[in-house]
Each structure stands twice: as structure tokens, then as C-alpha cells.
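The following blocks contain the structures, represented as C-alpha cells.
In what comes next, chain A is part of two complexes: it sits with chain B in the first one and with chain C in the second one.
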Partner chain A sequence: MNIVVAMKQIPDLQQIRIRNRQPVFDDVPLTIGDIDKNALEAAVNLKEGTDANIIVLSAGNEDVEDTIKEALAAGADEAFLILDDDLEDAESSQIATILAAGLKKMDDVSLILFGEGSGDNYSGQVGSRVAELMDLPQVGYVSTIEVNGNVAKVTRSLEDVEEVIEVELPAVISVMAGINEPRIPSVTQILKAGKKPKEVLELDDIEIDLGAATIETNSNLAPESDRKKIVVKSVDELVEKLTAENLIGR
Partner chain B sequence: MAGVLIYSDKLNLALELITAGKAINDEVTAVAINDEELAKGLANAGVKVLSVANEAVNVADTAAVASVIKELAGGVKTVLLASNRRGKELAGRLAQKLGAGCLTDVSSFTVNGDKIECQRNALGGATVATQVIVSDKGVIAIAPKSFAPAGEGSGSIELVSLDVSSKVKVLEVKAKSADAVDIEAAEVLVVAGQGVNSQDDLTDIEALAKKLGGEVACTKPVATDKKWLSEERVVGLSGKLCKPELAVLLGVSGQVQFTVGIRDAKTIVSVNTDENASMNQLSDYVLTADLHEVVKDLNSKL
Partner chain C sequence: MNFSFTKEQELIQRMAKEYAEKNIDPVAQQIDIENQIPAEIIEGLGELDLFGIPFSDEYGGAGSGYATYVLAMEQIAAASSGVGMIISAHTLGLGAIDAFGNEEQKKKYMPKSCKGEHIVSFAFTEPGTGSDPKQITSTARKEGDYYILNGTKRFITNAGYPGPIVFFAKEEESGRVTGFIVEKFCEGYSISEPWEKLGMHGGPLLDVYLKDVKVPAENILGAIGQGYPILQYAISYGKVGVSSAALGGALAAFNEAVKYAKEKTHRDQPIAKFQSTKLNIATIAEKYEAIRWLTYRLGYLADNVKDPVQFAKDAALTKDFVCEQIVDICKLAVSVHGSYGLMKDYKVERLWRDAIMGLQIEGVSDMQKMIVAGVILGM
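Our next item is the complex of A and B:
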């Protein structure tokens, strides 16, 4: 049984600087989205005590080959990568088409795990689009997963209720942020990661038509902020300032 | 069918979608699935409702719901969904079925000729992107509370039947512990971050919030990892976007996914032991101190 985990390479958001309201990506290290790491950890937990095989699936630019080592160190058994420098700015519908094409080249896939949203775009579309392309059932915002034969019992956590759902396999499941504590790989695991099998394809190898873009971005700017940034030395001084602004003691 | 089709299984959100829909096109049609109350509520807001009654379609089955909406979407150019969890999950699937472009978490838009220019947070909330769907059809998921709910009107209900099958079975629905707090409406928020040592410290923090006439809110890990407070109280990208008069942040580092939820506050106070915390750059008053001491002090002084 193969468990596929879709993971996206993103810039480390904490290190993006803003200049003239524009995000600056120079020298920002690449990493994998936090929620995608939760998805991988869920797969690793499911694997324990079974003979399941975990395949990390990712589409992106050439750097992914390096970035994905983090996932191989943290428990994925192999990587399936579709790389092209044009994929850096590809939109959700195109990424989903590519991932689905990759999935169709794999055998015996019973679960395809996604994050509820990618770290940078956080639009929550790719998993649902892949489910549709593969004609598979899906459950999103999942907090627990249990596999029993050819069904999975999962908990979908909505704002007001939790739904316990039984879904036929193969299925697409997207996990909720923070459902587990992704393991930090040891040095040996990191060293071993480089030797794990990797299948690297180019766009031409999967023979798909990316289709026309459906989204145009007119602008992407940081909101203006003009905070006072007054450093106060004590609670007394804080109380005094807030009282002067009529914010307390009203 | 020209116009806009709207769907959410939650009446309050569907009413907001009607208002958003009318800003795009006068002709707004709503969908209700196995929910007569919802259908009535929507008709009372003045729109035509396509009411589907088919027990095989469970709203928990995203694939089935997407099939139903696709059938009903006919010649419609734009489908509006709510950007709550259910709606976001549905958005991608429906868009793929319709061959449509899709934007989620849209907090506002302007209609410019036949283009709907949508605003949504990007890069984890560090930026706001203005994006337009350029394909023939579009699916837009609107963030809750971005539009006022539609007022009363007289609409109509049309019953429709459809054939759909399901691979998903709902075994049980459990209510989450109810926390009726509305942090988006609070004038003052005291926000507990991971700098708070223990759940016991929340008692003092609650007392402070009360003295300031506000509510306790928190960062995401305080609710989801530590489970000290309910998810209803999370401020940020995956929580609530708040605009209080005063926000007092206690032990909050200020990562983008959090700050996006508080940047519209009028006055921000940051209390942090780290004078270089990112939050301090985005605050009006900065106090470098142990939050536990500060809370005790404030409680005795106010």
C-alpha cells in the first residue's frame, strides 16, 4: 500500500522582507509548508506497524530536489518530483493537473494526503482539485485518520462540529494545521535521506497541457502600517499613555 | 441562466453571499440541499432558491455537493461560496468540475466592467493580493463577515431532484464545546500567546480582559496545540480578523499569520520579554517585561 503526501516548497515566510510594500524574496531560504509537514507526520504515524510505503509528491522548480530532503529525512520512503522552472508561479489548477498526472503513474495508492493549505498561498484548492481529477472521494480538515482494510475512518473538524466519517479508499484527505508535532529528523536520518529513491520527471515526461491561466494577479502588496512603536519603561507609564488616549478607565 | 449562484449550508453565511452576489449581478439564485429551513430563510431574503431534496446527498460529501452545484450552475458565470472550512473544501472541487478559476478567502472585491477584482491575503498574510479570475467561469469563496447579511425580501423556492451517489458515510456528528464568544465584535482584546506559562495564568488574564471591558483571545498554538482556549478565540489567518480599539498582546512573537488578524486594531500594545520580537515593530506601545508580572500589576492598578 502506498501513501502519497503532497508537499509544496515555499519561501520561509518569516524571512521575507518588505520594501516599498513589495515582498522581497532575495536570499530567502526555501522550505516546506508547516501543514504539509503535519500531513507527512500523519502518514508516518499511519505507517507504523504496517508495510506501507510513503511517497512524497511535489511539483516545483529545480530547487525542490534539495528542499524535499527534509521530507525524506522526516520519514518519507521515496520522492516523486515533477520539476520545471516555469512551475514556480504556476496556479492551483495547473499544479493539480500535474500532481494528478504524477499520481496516475503510481500503483496501489490508497491514501493521498494534503495540507489544508499551502504555507504561502493557503487557498486550500489543490487537494480538492486533485480529488476531482482522480474522481476520488475526499475529506478535508481532518484531525484523525484510521485505516481499516479498504476504508478509512477520519474526523473532519469544522468550526462548530466534528464529523466522524467513513470513506472508501483510495481517498484524498487533507489534514488540519497542527494536528500533530512533526518529528525533527536526526543527523543519521538526514544523512540517509540523500540515498532514498527519487523519481524526477520533467513537464515533458508527463505529457500534459497546462492550460491557460485562470487567475491574473494585479498586485501583491503589504498593507501600509504606521504604528507609533513607543517603548514604555513600566506598567505605570503604559497605564498613563493608554489613559491619555482614553483607551482605559472609560 | 445569467447571474450569480450562491451556496453555503449555513444560513448566516449564505445571507452574506446574497449581498456579495447582488454587488456582482442583480440576479442571484441560491441553492439549499436537504434543508427546508435554509431554503425558507433564503427565500425570505428575496432570492430564488433551488431546493434539492435527495437523501443520498450528504453535505459532508464534498464530491456529491460539487456535482449537485455543477448541475444547477448551468449558464452561470460566477458561483459564490463561503470561505469557512466546508466552503473552502468545496471550492476547489467545484472549480475543477466547472473548469473554472477559483479564489478563496476573498475579503472584498470591486466590480470593474466584467472583471471582479478580488482582495485576499497572500504569503501567509504578509501581503494583500488583488486577483481576477480570467476564465469564463469563476468560483469565489468569500470570507465570513466580509459582507452584511441580506435583508428581507420575497423570493421563491423551486424543488429540484437530482441523481447523485456517495462514497462517504457520516458515522457521527459531535458538537464542539460551545464557546459563544465573538472576538471580532469586541472593542478590547487581551491576546494570550505562547509566552503565557500555564493554563492557570489565564485566570489573571481573564480578569484583566474584564477590567478593560474586553475579551480574551489567543494565538493559534494556544488553542490548537495547548488547547487552553477554544478555536473561536484564535486571531489570525486561520482564525478571526479583528479590529478592536485596543489590543493588548501578551507573549506574542508576531508571525505574519497572526499579525494579519490584528493589524486593523486601532491601538496595539505588545508585552514581550524579547525586545526584538517582530510584534514590537507592529505595535504602538512596547513594554519589554514578563507578561505575568505585567498582568498582576495591571490588575492591581486598574
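Our next item is the complex of A and C:
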């Protein structure tokens, strides 16, 4: 049984500098999104005590080949990569098409795990799009996964309610950040990561024409916020002000 | 010239940072107060292979060299210099076994030490001697196939953890200083309470007493009379660890100063807008960058030693400069904090105390300068 974990290469968010209200990516190390690491950890936990094989699937520019060592160190058994410099700025629909094409080249895939959203843009679309392209069931916002035979029992954590769902495999599951605490790989695991099997394809190998992008990003900024600078002198006054702002007592 | 790291080094650096931030930083103040590292931290560091980074995988190490060790140590020591001190002293002692031990000794003592199940000590200093081998009073008397060791050692890091201790004594027949591998807590081994010191709490310094400790002759490290060369070699490599630990303290002080400068407001604006704060931050940055690259270079040199004498000079030069600069860096970081910087509620208070320790440990600053000048001038 193969468990596929889709992971996206992103810039290390802690090291991005902001200049003239624009993010500067030069010299920023590349890494993998935090929730993608949760998805991998979920796969590693499911693998324990089974003969499952974890394949990390990623599409991006040629740097991915180096970046993916992080996933191989953290428990993935092998990597399946689709690399092309044109993929650097690919949008969610294009990436989903490529990942689905990659998945179709794999055998015996039981489970395809995604993080709920990527660490950079957090569009949260790719998992659903891949499920649609593959004609597979998909469950999002998942906080627990148990696999019994060809059925996965998952908890779907919504805002006001938790749903427990059984889904037949193969299926696409998108996990939430709270599902687990990803393990920290050891020095030896990091050093051995580069020696794990890796299949690297180009766009031509999967016969995909990316086509023109349909989404243009005009700006990518955090929302501006102004502090109201309200000074209070007592708890009662604090409660009164917060109530007036509709922040409590709703 | 290439100043970049391999992907693996970058990941190991990030892994050490993540572990330190999640597991050490939250208890760093507690470590400082109690002068004790929680056992689960030692276990965690062992599971991540951080006790054996430079050593060959043939003996249980990670085989990633001293350059990688520097990157990891900086991040660990940024959270707690006491933890950094344990790893540094351990690596010094283990490095001596790695370099001078025979195959049997390496196979016997290195695997558990590389995994952190054993923590190594290195015992040269005595109450009446600093680094002068002629003043050593500990003795090794031959009895058949064994040696009987007696003596007192001072300021020995990790002496309270189980594992091997490299113990130097005068071999009575030859009158020459010789290294022996002794298993801590064997019959006749005892220790003092940890010294109460200014900083680097959690990195325990103890006195060690050997009373008629019987070790097989096969436990001689290297050869009879090779004690001083072992000391010189191991201490040079030990300076890689001490410099890296100090660098970690400098990184922490730098981060704390920047954070405080941006957060602390005066007259409704962050103090980062004031010229005096800017000058302090700029000076910290200059000093940090200088010692960072000097220490990274020492890690590289340790992996590529061509001339041990030149390496000893570079190690002394780096240790001296880094440990002097970190005191300045911490002082400037405290200045950014104003009076708050002297309060135990603020990390820079601890960092400053820790920094001062670096001037004295692993050879005082003047001694480092004498080594540097001796090699340059040839006299």
C-alpha cells in the first residue's frame, strides 16, 4: 500500500524580509509548509506497524529536489517529483493537474494526504482539485485518521461540530495543523535523506501542457491594522469598551 | 570561495534550532535557577544524534564533521549555554578517544557516547595546576596488567553523568603524564557537589576524586607519556565547541536586543527609532557577523587540518576573540534594555553572566594569546 503525501516548497516564512511593503525572497532558504509536515507525520503514524510505503509528491522548480530532503528525513520513503522552472509561479489549478498526472503514474495508492493549505498562499484548493481530477472521494479539515482495511475513519473538525466520517479508499484527505506534532528528524536521518529513492520527471514526461495562467497576483500583503489606543482605568471600563466594540458579550 | 552550506547542514541547523526553541528555551530559566538540565533534554539531544555529529558512523557517530557541529551547537547554546557546555565538554573528551583510542577502545566507548547514553568527561586540571602538565600530581602505579589511579581533578564538566572520563596522571615508572580511560562511578570514583558558578548553569563543574581506582593497562589512551600531546590536541578541538557555544550566546543576545528595541516604547515610539539604540544594534550586528564567520571557519578548519600547530593557533585565536566579543555583545544588549537588562526577568541578564564564563574556561584569554603569538613569532 502506498500513502502519497503532497508537499509544497515554500520560502522559510521566518526569514522573509519586508521592504517597501513587499516581501523580499532573495537568499531566503526554501522549506516545506508546516501543515504539509503535519500531513507527512500523519502518514508516518499510519505506516507504523504496517508495510505501507510513503511517497512524497511535489511539483515545482529544480530546487524542490534539494528541498524535498526535509520530507525524506522526516519519514517519507521515496520522492516523486515533477520539476520544471515554469512551475515556480504555477497557480493551484495547474499544480493540481500536474499532481493528478503524477498520481496516475503510481500503483497501489490507497491514501493521498494534503495539508489543509499551503504555508505561503494557503489557497486550500489543490487537494480538492486533485480529488476531482482523479474522481476520488475527499475529506477536508481532518483532525484524526484511522485506517481499517480499505476504509478510513476520520474526524472532520468544523467550527461548531466534529463529524466522524468513514470513507472508502483510495481517497484524498486534507489534514489540519492540530492533527499531530511533526517529529524533528535526527542528524543521521537528515544525512541519509539524500540517499532515498527519487523519481524525477519533467512536464514532457507526463504530457501536460501548462497553458497560460489565468490568475494574476496584484499584491500579497498582510492587512493593515490601526491600533485604537483606547486607555482604560478599570476592568469595568475594559469590559464596557470591549462590549461596545462587539468583541465580547455577543 | 563559497560561504554557503549544504542542504543537509542547513537542515541540521534548522533541526537544532527547532529542538532548542521547543524543548530547551521554555525551561532555560529553570535550568539557570536549578543548575540542572532536565533528563529528557539529554535524552532528546541523544535521539537527534547531537552528541556524535563529528564522529564516524563506524563508531555510532553521524559522520558529519565539525563544520556541521558548529552550526548545531550555535542553535542549542542560543537557548541554554549550560546545555551547550555539556555537549562541548563531551565532544572534547570523545574527540580525544576518537583521535588517540585504539580500535577496541573506540568500539567499546564511542557508540553509547555518540548516542548520549554516556556523557564523556575530560579530566586534566587539578587544584594546584591549570594547564601545566608538570604540576600534575595524580598518579598511575602499575600493578601487573593494571594501573592504580589516585588523584583529585578540579572543574570537571559532566563528571556526574555516567560514561567514560579521560583521566590524566603521572605514570610512576616513567614519570610522564599519561591519559587513561576510566569509567565514571567505578569503585573508588567519587565527585563533589557541583561548583556554584557565575553562569552557564546546568553545565555542571565538579571535582573528581580517584582513590585506588584499578584500570586495565589496555585503558591507556594512546601511549605512556602521550598525555600532553593528547591534551593539546583535544583542547584545540574543544575550542571549536566553546567558540560555538559562545556564538550561540551572542546570537541570543542579538535577537533579544532587536526584539526589545522594537517592542519597548518611549514617548509613544519604539526605542528602535532612537539613535543610541541604532548604534548599539549596529555594533552588535558587526561583532556577531565577525565572530560567526570566524567560528564557522574554525569548524571547517577542524575538518581539514593540515598542520596541527596552525590549527592550534587558529583555535586559540578564534576562542579568544569570540569569547571576548560575546561579552561586549551581551553588554550592548543589556544597554539596549536599560535597567531592565539587569533583571532576571530578561534573558540578557543570564546571557551576560554566561558570556563572562567564556573568558576563563578552556584556557584563559591571555593563554590563548600566548599560543597565537608563539606560533606566529616562533618563540
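Simple rule for what comes next: the second predicted complex is superposed on the first by the 220 of 250 C-alpha atoms of A that agree within 3 Å, B and C clash if a C-alpha of one lies under 4 Å from a C-alpha of the other, contacts with A are read in each partner's own complex, and residues count from 1 in each chain.
As a working rule, a contact is a pair of C-beta atoms (placed from the backbone, for glycine too) under 8 Å apart; a residue touches a chain by one contact, two chains touch by 3 or more.
Since the model is a prediction, treat every value here as computed from it, not as a measurement.
Once the two structures are overlaid, the count of chain A residues touched is higher for B than for its counterpart among chain B and chain C.
Of the two partner chains placed by superposition, A:Asn150 touches none, neither chain B nor chain C. In the superposition on chain A, contact is made by A:Gly194 with chain C only, not with chain B. By the touch criterion defined above, A:Ala73 reaches chain C but does not reach chain B. Once the two complexes are laid over each other on the shared chain, residue contacts for A:Pro29 go to chain C alone; chain B is not touched. By the touch criterion stated above, A:Val164 is placed in contact with chain B alone, chain C being left untouched.
By the touch criterion defined above, A:Pro185 reaches chain C but does not reach chain B.
Put simply, chain A touches chain C in their complex at residues 29, 31, 66-67, 69-70, 73, 184-188, 190-191, 193-194.
Those residues of chain C lying in contact with chain A across their complex are 7-8, 10-12, 14-15, 18-19, 22, 47-50, 52-53, 57, 62-64, 68, 72. Residues 13-14, 16, 18, 23, 91-93, 96, 116-117, 119-129, 131-133, 136-141, 153, 156-168, 171, 174, 177-178, 181, 212-223, 225, 227-236, 238-239, 241-242, 245, 247-250 of chain A touch chain B in their complex.
Residues of chain B touching chain A in their complex: 60-63, 66, 84-86, 88-93, 95-97, 100-105, 117, 120-124, 126-135, 138, 167-176, 188, 212-213, 220-221, 224-225, 231-232, 237-238, 245-246, 255-257, 263, 267-269, 278, 280-289, 294, 297-298, 301-302.
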